[in-house]
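In what follows, chain A forms one complex with chain B and a second complex with chain C.
Entry: the complex of A and B
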C-alpha cells in the first residue's frame, strides 16, 4: 500500500522522481510539496484506487504527517466500510 | 462524436452586435454593484474559510453550510449568479420527455420552469434533504429520492428514458461510479444530458490540461473544467455502453459567465446508451 500511495503522490504532483525520493516516513505536505489542491485530488484518487470513501469532515492535515500515518488512516477507512 | 459550437449564436449578426454588447456591459456592471454590496460577506466568509482550510482541506465554508441548511439562500444565490433572467440557464437544454431522472434537483427550479410540459415525468434526486423538503413544500414536486448518484441507489434498473445533470455534474465526487449507476437506471437507447458551466481558461496551473477538484468558499468541493477538459474527463469515465453524441456551447449573458474574475461558458453534453442487440 505504501508503494501505491507514493506512486499516486508522484502522479498528482506530475513528478515521477518522487517515486524514488519518498519513503514511509515522508511528510506529504513538506517532503512531497502537496498543496490543498493537490491534497483534494490525491484523496479522490486514493478513494478510486482503494475503493473507499474518505469522510471529509474527519480528515485533517495530521493524517498527512507521514506516508505510514496516511496508510494507517486508509486502513481504518477501509475497515469501516 | 458531433460537436456543435453555438457560442457565437448569442452574439451573431451585425444588427444584434450593439444590443449584445450592451447586455454584456450591463451584466458586468451588475456584477460590480453586486460584488461591492456583497464583498463584506464574501471576504468574511473567505477569511474564516482560509483559516480553517489550513488544518482541514475539506472544510465546508459557513456560506455553503448556510445554503445547505437553509436552501432558500441557495435559491437566492442562483438568482444573483444568473441575473438578469435566472431561468434562461435551462434554455440550453435539449427537449425532455418521458421518465427523466433529474440528478441534483435541489429545490426544483427546473420543475418550476417546465411545469407546463405534461409529457415529462420527473424523478427528483438530490443528496440534500433540506432542499428536497423545501421543493416538496413549495409544490414543485410530490416525491423525491434522497440519494447520491455515485453510490448504488434504491431505484430499479431501466427506470428512466433520460438522466439530466442540470448544473449538478461538477458537484459529483466520482463520475465513473455515477455513470455506472446512471447506465443501470437508463433504458437502452436512452440519453444522459450534462449541462454545466465551465471556465474559459484553466485555473489550476497544472502542466497537463485536465479537470480537477477544488474546495471553493462559495460552492464547496467541486470539479473545475474547461470545455476541453470536461469532454476528456467524461470520455475517460464512460463505461463502454455510453457514448458522447453531441457537445454544445452557448455562452449566455448572465452574471456568472461575465464575472470579472473567472469568465465562464455553458456546455451541454448529450450521451447515448447503446441499444440492446
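Entry: the complex of A and C
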C-alpha cells in the first residue's frame, strides 16, 4: 500500500522522481509539497484506488504527517466500510 | 499632515462568500491560514513616507527596521490588538473587524491626527467602511455589496457576453443542471468547476472523468441535504500557455487608468511569481486590442457602481491567442504589489520579479539570521546596492503558532522581490536565496 500511495502522490504532483525520493516516513505536505488542491485531488484518487469514501469535513491533516500514517488511515477506513 | 492608513486582509473572497452556497471539497489547514493572515505585511510597498500600516499581527522588529532602512519611513502597530488567549475568538474575523473590536485601536490612533487621512484598504470587506466612518477617515470606496457582486465568478462570465467575447463557461444551479452540463463538457475533455468566490486555486476543481464528477455530486448532495445551494461556474479546461494580469484604477469620476501589466508564473491555479512584462509583449497587447477591452471592462464596472483598484486575470493559450478575461478581481492584488516594488526601481536597466517559496520552517528559526545571511552574501537589497533580494514579509515565515515541540516544523512562505539586471543575474540571486534559506534551516517545499 505504501508503494501505491507514493505512486499516486507522484502522479498528482506530475513528478515521477518522487517515487524514489519519498518513503514511509515522508510528510505529504512538507516533503511531497502537496498544496490544498493537490490534497483534494490526491484523496479523490485514493478513494478510487482503495474503494473508500473520505469525509472531507472531518479529515485531519495529521493523517498526512507521513505516508505510513496515511496508509493506516486508509486501512481503518476500509475496515469500517 | 496628510497621510494614508494602509490595511487589509488577503483572500478577501472568503469574507465575501455567501455561506448558503455549497462548496467543493476542501481541507481546513490552519498553517496556510496563519500565513494568509500575515500577508498584510506586504502592503508596505504601497506606503509613502509618514504613512501608517496596520497589520493583523505585529510585524517583526527586524523586518520593520529593514523596510525603514530601504526608504519606507512609515509607522506600524507595535502592540497586539488582543491578548493571545483571545486568538481563537478572533480567528474567523478580518483585520478591520478585529480593530473595530479592540481597545488598542483607539489608543493607537489617538496619537495620530486623522482629519485628512485616507484609508487605503486591500479590499472592501466587512468592517472596512465601519472602520473608516468610526475614525473619520477619507475613503474612496463603493458599498461592499457592489464589490461583492462584481467579484463573483458569474459576474466575469456575464462580462464576457457584454464584451462579445466567445464564452465557453456556464453558471450551473442545482444538481441536475450541474450533472447535465458537466457531462456534456466532459465529452470534449477535462473541465474546471469554480466556486463563485474561490481564490488562489482553492476554489477550483479540475474534473477529468464521469466517475470524479459523480463523486463530486455525492459531496454536493450531502450539502444540499443540509440546505446549501448548488451554484458554480463550469468551464472546459483551457489549453493555457501562461497567465498574465492587467491592473486598472477606476477613479471616482469614472476615468479608467491602465496601471500595469504583469506576467504570472502560477502554480496550478495559485500565485507563484510575477515578472516584469517585456516591452514587445506589451506592444502586442496594445496592437491586438486587448488594452481597449480592459478599458471597456473598467467603464462597465463603473457603470455597475464600482470604482477603485481592479486586477483582471488573462491568459495566453498554446495557440498564441489571448483569452482576455478569465476573472475580475475588484481589489488590490499580488500583481499590484509587484507594481509597487517596481516603483523602487529608478534605473531603467533593472527588472523585478515577485516570488514566493513554500518552506518547512523549524521551531527554532530566527528571521534575523536569514536577513544577516542574505546581507553577508551581498544578496540583500539595500539602498546602496540598488538591486538584490528584497524580503517582503517576516510574519509569513514566523509562525504565530505557539507551544510547538522543538523538533516540529511548520509551514511558512517567503515572499520576496528580486531586483536584477539580467536573467543570469536573477538566476544567481535566486540560487543565493536558496542557499541562505538552507543555511537558516529552512527547507524548500517544491
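By definition in this document, the second predicted complex is superposed on the first by the 81 of 81 C-alpha atoms of A that agree within 3 Å, B and C clash if a C-alpha of one lies under 4 Å from a C-alpha of the other, contacts with A are read in each partner's own complex, and residues count from 1 in each chain.
Rule of thumb we're sticking to: a contact is a pair of C-beta atoms (placed from the backbone, for glycine too) under 8 Å apart; a residue touches a chain by one contact, two chains touch by 3 or more.
As the structure is a prediction and not an experimental result, all values here were calculated from the model.
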item	value
In the superposition, chain B vs chain C on chain A residues touched	C
First, second, both or neither for A:30, with chain B first and chain C second	second
Partner chain(s) touched by A:41 [first = chain B, second = chain C, both, neither]	both
Contact residues of chain A, present in both the chain B and the chain C interface	36-37, 39-41, 43-44, 47-48, 56, 59, 61
Of all residues in chain B, those that touch chain A in their complex	53-58, 60, 173-174, 176, 204, 206-208, 212-215, 221
Touch list for chain A against partner chain C, complex	27, 29-31, 33, 35-41, 43-44, 47-48, 53, 56, 59, 61
Chain C - residues contacting chain A, complex	24-29, 32, 201-202, 204-206, 211-212, 215, 218-219, 267-270, 358, 360, 409, 411, 443, 445-446
Chain B-facing residues of chain A, complex	14, 36-37, 39-41, 43-44, 47-48, 56-57, 59-62
